[in-house]
Structures are given as C-alpha cells and as structure tokens.
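Some structures are shown below for you to check.
Two complexes, one shared chain (chain A), two partners (chain B, chain C).
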Partner chain A sequence: MKARKKHYWGITVATWLVLLVVWQLVTSLKITPEILLPSPEKVISTFINLSKYGYNGIPLWYHFMITMVRLLSAVVLAIITAVPLGLISGRIRIIYSMFDSIIQFIRPIPPLAYYTLLILWVGIGETSKVVLLYLAAFAPIYLACISGVQKVNDDYIKSAESLGATPRQVFFHVIFPSALPDIFTGIRTAVGMAYTTVVAAEMVAATYGIGWMIINASKYLKSDVMFVGIIILGITGVALDQFLKVIERKIVFWSGKS
Partner chain B sequence: MEKIIEVKDLTLTYPGADKSTLDALNLDINRGEIMTVIGKSGCGKSTLLNTIAGYLQPTSGEVLLNGEPITGPNWKLGVVFQNNALYPWLNVSDNIGFGLKMRHFDKSKIESRVSTLLDQVQLADKKDDYVFSLSGGMRQRVAIARALANQPQVVMFDESFGALDEFTRNDIHNVVLDLWKSLHLTFFIITHDIDEAIKLGNRIAIMTPDKGIPIKVIDNPYFNIDSAKIDAEYMKYKNDILEQIV
Partner chain C sequence: MRKTIKVLAVVFSLLLIMTGCSNRKNDPKKVSEVRIGILQVPNDVAAARQLNYLKAYFDKKHIQTKYIIFDSGVDANKALVSGDIDFATMGDTNGVVAMSSKIDAKLIWVNDVLGNNEGLVVRNGSGIKDFQDLAGQKIATPFASTSHYSLMMTLKKYNLLDKVSLLDMDTQDIVAAWNRGDISAAYTWQPTLTPMLKNGHFLITSENLRNQNRVTANITLVRGGFERSHPELVKGLLQQLNRTHQEMQTDSKKIITAASKQNDLGYNEAKSQIGTSEWLTAKQMVDQKFLTETFQEQLYITGRFMAQQQTIDHAPTKKEISNFVASNYVEELGDK
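Moving on to the complex of A and B:
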C-alpha cells in the first residue's frame, strides 16, 4: 500500500501569512492606491457590511446561493449526461466515432465565444447561464469516462466473462467501478472548469450572483467588493474540491491501492 | 480415460501476423487430471489457454468441451490469471462469490459456498478484508477460490504462480494439489517453471513449435514429488524435458 505523501501544513499556513503581511504592508505604506488594492481591514469591513446589508439590495447569501445553484445544476446535468455517454463511447467505437469529434471541437472554444449565441437560442434567463456552465463541465467528464473505460484491466473483463457475467453485467459490475477513479477526476476537473466560467455566465443579463457582483462592482471601481467576491469564489472553490476529494476517498477507496 | 477437452487441428493466427502462433495443434485433456504446459516464451502457451477459455476464436480447427464446441468464455471453464485480476472494490468474500452472484444464485447459497472455499484456501479470517490489503500469495488463493466457486469443469492457470516468491509458491502448490484431490476437478496449468510443471502435472505438455512439434504430452512419474526424494533420475528426467524445450 502506498503511503500518502506528507503535506507540510506549517509551510502552507506560513505562505498565506506572508502574503497577508505583504498585502497589509503594501496598503499601509500606500505603495498602491486603495482603489487598486484595498487593505485587508477594508475588505473585511466590506464583507461584514455586505453580509449585513447585501449588495444592490440583494443579500450576499442570495448572490452566493444563486451562483452555487447555477454551478451545481450545470455540474449535475453534466454528470447525468456525460458519464453514460462517456462510458458507452469508451466501450462502443461507433458511439465514440459519433460524439468524440463534436466534443473535441467544442472543448477548446472559450465559452464567451458562443455565449451570445446561447442567449439568442435559449433566452436571456437562467437557462443560458446553466447551459454555458454545463458545456464547460461536460467535456472533462466525458473525456475522463472514455479514458477510464479504455484503461480497464482486460483481465478484469475476461475473468468476469469466465465467471458467467453477461455483457450487461460486465458493464455495470466491472467496467463502471473500474472507471470510477477516472470519473471522479473528471468531475473535479469539470467543477473547476464550470467555476472558472461562472463569472462569464453572470456577465450578461444577470442581476444577482457572485460573478455578477464582481462585474458590477468593477464598473464602479469598488475594488473592495470585487475582492470580497473573488475571495468568496476562491474559498468556495477550494471547499468544493475538498468536499469532492472526501467523497472520492469514501467511494473510490481502492484507488491507487491495487 | 475420458476426454474433457479436445483440441483438434487448432490453428490460430493473430490479425496482421504473417505466421500462425498455433499451427494444427492437437491435444486431449482427460477428466480429472492436472496437465501442466511448458515451453519457451512466445511458443503460444497463453494463446492456447486463451483459446480453450474461449477468449480467442480459432482461425481453423476446433476446441471441444465434453464434445461441444467452445464458442466463448463460460463459467464451466474457470481461469486464474497471473496478476489474479481480483476486483479491488470488492472484499474477499464478494470477490469469491462474484460468479455466483452474476449467475443469480441465492444469497444463502453464495454465503455457504464462499464460506466453504474460504476454509479450503485458509482465508476464513480475511473474508471481510479488501484484496489490496492482502499479500500476493493470499490474493492468488482468493483468485483460485473465485475460479472454483462456480464449480467449473476445468480450471486453467495462466502462469498464475510466476510472480510469487519461492516459499509462497510452494505453499500455493500445496493448496492447488489439496483442492484437486478433494474436488476431483481438471486443472490445466501454464507455467514457465519446469520444477513447477513436474510437481503439479499428472502429465506434462511440452510446446516446441520452433522444432516443428506444436505440442507433445508425456507422462510424469514425479507428480507431487517430495523435494527430499529428488535424485539423479529426477534430474535426468528434468534435463530431458529441458533439452526438448531449448
């Protein structure tokens, strides 16, 4: 069994402390104007104010929740569709030939390039935002599933067949669990991809959401609000990834041990 | 002796290859025997096993089980792989009972058969452990128990003991021989280790396609020999086999 690599938490904490001290020094010594880089105290007080009074008349928690709902609906939709399609594509070459080139074509296109088209096609409401995030999340899961299926140990399949498993049973009892570690890697990447697209999704025709809050604050040079939004997104992103890692360790407990 | 497997004029050429891996090979495996197969690397030992197991379809010729053509893998032909191919997401009991579950056996029947097999391979205390926490020898015992759970008619071993250290290998040899004695099954064992072939085989099949002899089966007077009884005659027998192979 592989020993888990040691993490020097002290060094991590010290690095963050150094960054905070440098930030504090730069702002205290007024090396940069406050409008470009607000002080840590200003950001904290803005956060407290936003928590109490909200932004633009909408509570901060609502901005946060709406962003999370958009993000998670898109990721859940991507999981529901990309996992089966990726698993089948990995196993059946005809299906792979049908879908892979389309997904490879869409994958590298920056979401903003087709966002306006999406708005024209599905409307200016929530749907276009969720679809944009969904498209960002789909490819990583789909590709990870294909890779997971193609990596399945051939002897796993042969031994299942020799033990009396039907092709359907081989798929559900052998290929699917074998591919699970890759599926989880794909989901984590997808959440990251959707997360990086969330600000873009809330740029157009939104009136709430953390991404929208950042964009709106930038128009009025409210850098303290922008910092609050960015820090919320950063912390939530790390928390989501850690949450997925915990679930991954519970479900795919054998990963890296076989 | 009653034949359980008949290999008739078996030729197998891999797609794109200009030479056949197996060329007009004939072989009979008797019910209840242990046949070991030995030959140089690349002589087609594993190809032969894969064809008998139904993983490969012959280019020409046929393989029969109880007189019926083998058209694909099935539970009557158990296979133990070199890397054991156990499922790391299942514990020891679930790995052993996997085939029975796929064949929709009752839960109580599965539990009872798994429990018997756990006793036979001396792993009753490991039944709830995951396979990645077991040693190589223990994993191979689980793989053997899993192949036996379906009560197959033939159990095939594809260089299944090659990755084990000598002490563990001897231990597994004894487990295999004990199971063979108690279950009266037919074992077909591919190996590259000549001592293993002599210890485990009632008969030894020697594959030397490079000398124009696809396979030759000889009787083995030293089957299950006690290492203390190894003498000059044994060494001569072993050298004779080696000379045929090299």
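Moving on to the complex of A and C:
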C-alpha cells in the first residue's frame, strides 16, 4: 500500500518535471513569442527582481499581505455570520424559510456581476473588496452548516433530551460538535470560492495586491510579472488548503471514525 | 512506463496546440475581412465609418469591414498580440508599450494630436485651486493611457509624485466614483470629461502640455503580419482617413456631424469633445516632418519617462522607434 502511494507521488513529480522541461524547450527554441510565454529563467529573475525592488514601488510581500488580509478578513467575517445562521437555519424551520431562498438566489450569481453595483453602494475602498469576497465565501459555509445539522443522528438528540439536557445544552454539546466536520468542509470550500474571486476584487481601483499586480502587468504586457503573480497565487492556494486540512484534522480528529 | 508515455503524449499535443495558436492567424494570402479596433470617441475613424468611406473602399476589394470597440489601447494591444485585429487606434503610450514589449506591429497614422479633449478635472468646491493642493488627494486615471502619462508628467513637474495616491480605473468607473464623491480629481478623456465638467473644472489639459512640448496623440497601429502581406490595403485605409482629415479643414461641419452620429452625440457635444485636438493631414505631417522627426522625439521622451517610472522594462531606443514608425505610407499620401 505504502509503496503504491510512493509510486503515485512519483508520477505527480514527473508530470511537473515534464511540464517544466517542455516550458524550457518551447521558450529556448523560440517556438512562441516571448510575450505569450516568457522563459522559466525570465520568470525566476523577474521574481527575484520583484522581491528586491517591489512592483510599482511597493514591496512584493506587501502586495501579498494585502491580498491575504482581504481574503482572510472576508473569510473570518463569513465564518462569524454564516456558521450561527446556518446552524440555526438547520434547526429552526422559520429561520430556514426566511433566509434559505435569499441565499440560494445570491449563491449562483458570479460575483463580478454585482461588483460594479457594490462599488456604487460602498465605494472603491477596501470595503467593497472585502464585501465581494465575503459574499463569495458566505454561501458555502451556510449550506454546509445546514446539512451538518440535518445530518445529526436523531437518536443522539433524543438520548440527550431524555437525560434532561436543555435545548441549549443539546445545541452546544450534541448538534454543534456533530456538525463540525461539515462546517470545516464548508470553510474550505469558502476559502476556495473567495480565493478565486480575489483577482476580480482587486480589478477596480486597487493600488496593491497580487491580483492588482497581475492586472496592472497585463496593461503593460509584462507577461513575466503576470506569470510570477499567477504562480504565487497557485502555490498560496494549495498551501492554504493544506493548512486548513491540518487544522481540520487537529480539531475534528474524530471525523470519519464514527 | 506506459503512463509516462501517455503523459508525454498529452503534453506534446498541448505544445502543438499552443504553437498552432500562435501561427494560425498569420499571413492568410487572401483577406476576406479586416478587423479594426476603435475607441468610442468622435475621431477620424468614426467619421470615415459613418460616411462609409472605409466600407466603400474595402467593399470594392470584396473585403468585409468589422469594428471592435475598446475602452483604451490596453486591450487593443492584447488583441494585436493574439492576432484578433488588424488595425487598432490607441493612445501613443500604448504604442510605446507595444514597442517596448516587441509586439509585431507598426505605427502608421496619427489620428489626432490631443488637445483639451484630455485633461485633469478637479471637483468644484473641493478646495483644490492649485497643483500643490493635490497633495494627499486620490486621483483616478486609466493606467497605461496617455492620460496617465500626462498626469505623471504633471505630478513630477510639481514634485507631487509621492504625495498623491493614484487609482487605476476605467473611464466609466471614474465617472461612477466621481458621482459618488470618492474622488475629487481625475485625469481622463472625452466623453467622460463632459459629465464631470458639470461640477468640476480643468486644472490642466493636454493642450497646455502640448504647448510645453509634451505631445500626446492617438495613433493607429497595424499588425505586422498584415502590413507585410497587404501594404496596399494599409495605404488604402490611410487614404480614407486622410480624406476625413482634409475635409475636417475644409468642411469641418460634415466631418463633425458624421463623427457625432456615429457616437450618438449631438453636433455641439461632438464638437466640444473633439475640442482643440488637431487632425493633421498627410501633407501637413510630411511638411512638418511630424512622423519622421517631431513625433518620434516625443515617443522617445515618453518611453524614457515610462521606463524611469518602471512601467515598462526598457526605454525604446531611437533606432527601435524609427523601425516602429512606418512613415512611408503617410509620405506617399502627402506627396500628392
């Protein structure tokens, strides 16, 4: 079993190596113009330059931090609001009827479709960016909470109640822990959703952020900078998801074992 | 091992697709359609389009004419790279970007030398009376545009570069932000200037800069592959544009009316949007050595400034500029 796993890892690594070699070949043979596909060396040297001198007078780490701050504050806001609302909606029919249809309505709309409206409402500052990401992150958490609550085994609730637990105790000691694995899945999906929206959020009236850097570089046709930005976003995305997985394993260690 | 072969096969086919993409649109021997990227402004292309000059010319050659609207030269440049358009009108700063990133394209025409159709507007009652009052303000402008360049030049002149925060916005977003009161200053162009001037006024216009020998202009680029295989069509198109420039000087009413109709504007609106921009005829360009000397010098200054601001990687050399400017078409037209 373990050997097989190793084998598959090898294939993943090999795929990446092949991709790199092909990239290197295509660019060194000048099959495509540099503006469409800059060479790996160029991308690396651009990355080093950006780390040293920054982009547009702002250090690269600052661009990165501001993007992360926007993303994380939106996700935290979404967790604070969507988890309670989702849990209550899953438990109380009236609340569910009130909110569910609204969220189902907003959920499938691509965030860019209402972004211009958001800018008119709350302006061009940080608020509109965070709100956009927040809206993208809200629905996955909310829906996961509902399904988490509805999945709770009725026997558990009944046993707790027959032992004299108050509704409050049932909620915090039975329902909430049982829903936790689903909540975590929701949060991971939410981070992914917000993350895919981050470039869009930084498209209008931003002056920093990795997403903004990619867009600004595209205006000056600097494909090397665009590559650096996209690679940074890709690596960060994977790292974020792995990080959440680790936390999930720590907090809901019982998940999948019952 | 078989899997590795499969992976290799997939990668190789991807590679083929990619090279296919870059070669697909090059040099079709027979042209069935020319695609012209336009700005939504009352300019010579708008007039020539409305008066059917372009369509009549290309129809005779059994070629369809297709127009594609761009908000600024930024996206027009991308379309030139991907080979989706053959001609594109843009600000000269986008031309410098194209040159510096070695896009296969040539400058063939100067549509208009900018005047008061571009400028820095400040809100009435915002307390901004002089350039120094701009310190600490948010100023919006579409990045990489001629407006951006003119704004940067102005800010540098008054030592304000580090003292203001610049916001990169499309022209429509600038109007929205202006109406909301998010910004009280913006360097932009018509038609967005008109609504802003209702409760704002100019601090400086590109006409002032032109008088200080900082010329900005709208230019037309042609895709390199198209120019090499069909020089006669390039010349034909410029002939039609030159006709509007000549008529602008003899019968301006006809041209402005046409340009206004094309953009759904009233005559007076179009007239004020054209403002003091100059439409040089091919003959005037030749007589003033505009394309061969004056304008190349301006492109050089622009390139150096943009490289200093690190917006482009390297400033185009004088040689690169003279290769980029294909002045032969204008010269042929101007000699007649």
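In this text, the second predicted complex is superposed on the first by the 251 of 258 C-alpha atoms of A that agree within 3 Å, B and C clash if a C-alpha of one lies under 4 Å from a C-alpha of the other, contacts with A are read in each partner's own complex, and residues count from 1 in each chain.
We take it that a residue touches a chain if its C-beta (ideal position, glycine included) is under 8 Å from a C-beta of that chain, and two chains touch if they have at least 3 such contacts.
As the structure is a computational prediction, the values presented were derived from the model and not from experiment.
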item: Fit-or-clash call for chain B and chain C when the two complexes are aligned on chain A; value: fit
item: First (chain B), second (chain C), both or neither touched by A:Val174; value: first
item: Superposed arrangement, angle subtended at the Cα centre of chain A by chain B and chain C, nearest 10 degrees; value: 160
item: Contacts of A:Val18 with chain B and chain C, given as first, second, both or neither; value: second
item: Chain B versus chain C as contact partner of A:Leu163, first or second or both or neither; value: first
item: Touched partner set for A:Trp254, first chain B, second chain C, both or neither; value: first
item: Dominant toucher of chain A (residue count), chain B or chain C; value: C
item: Chain B versus chain C as contact partner of A:Asn153, first or second or both or neither; value: first
item: Chain C versus chain B - closest C-alpha approach in the superposed model, Å; value: 39
item: Of chain C, residues touching chain A in the complex; value: 3-4, 7-8, 11-12, 14-15, 18-19, 22, 74, 77-78, 81, 97-98, 101-104, 140, 143-144, 165-170, 173, 176-177, 180, 182-183, 310-313
item: In the complex, chain B residues that touch chain A; value: 53-55, 72-75, 77-79, 81, 83, 85, 87-89, 98-99, 102-103, 130-133, 146-147, 149-150
item: Contacting residues of chain A [partner chain C, same complex]; value: 11, 14-15, 18-19, 22, 26, 31-37, 56-57, 116, 119-120, 123-125, 204-207, 212, 216, 218-222
item: Chain A to chain B touching residues, read off their complex; value: 1, 153, 155-156, 158-166, 169, 173-174, 177, 180, 253-254, 257-258
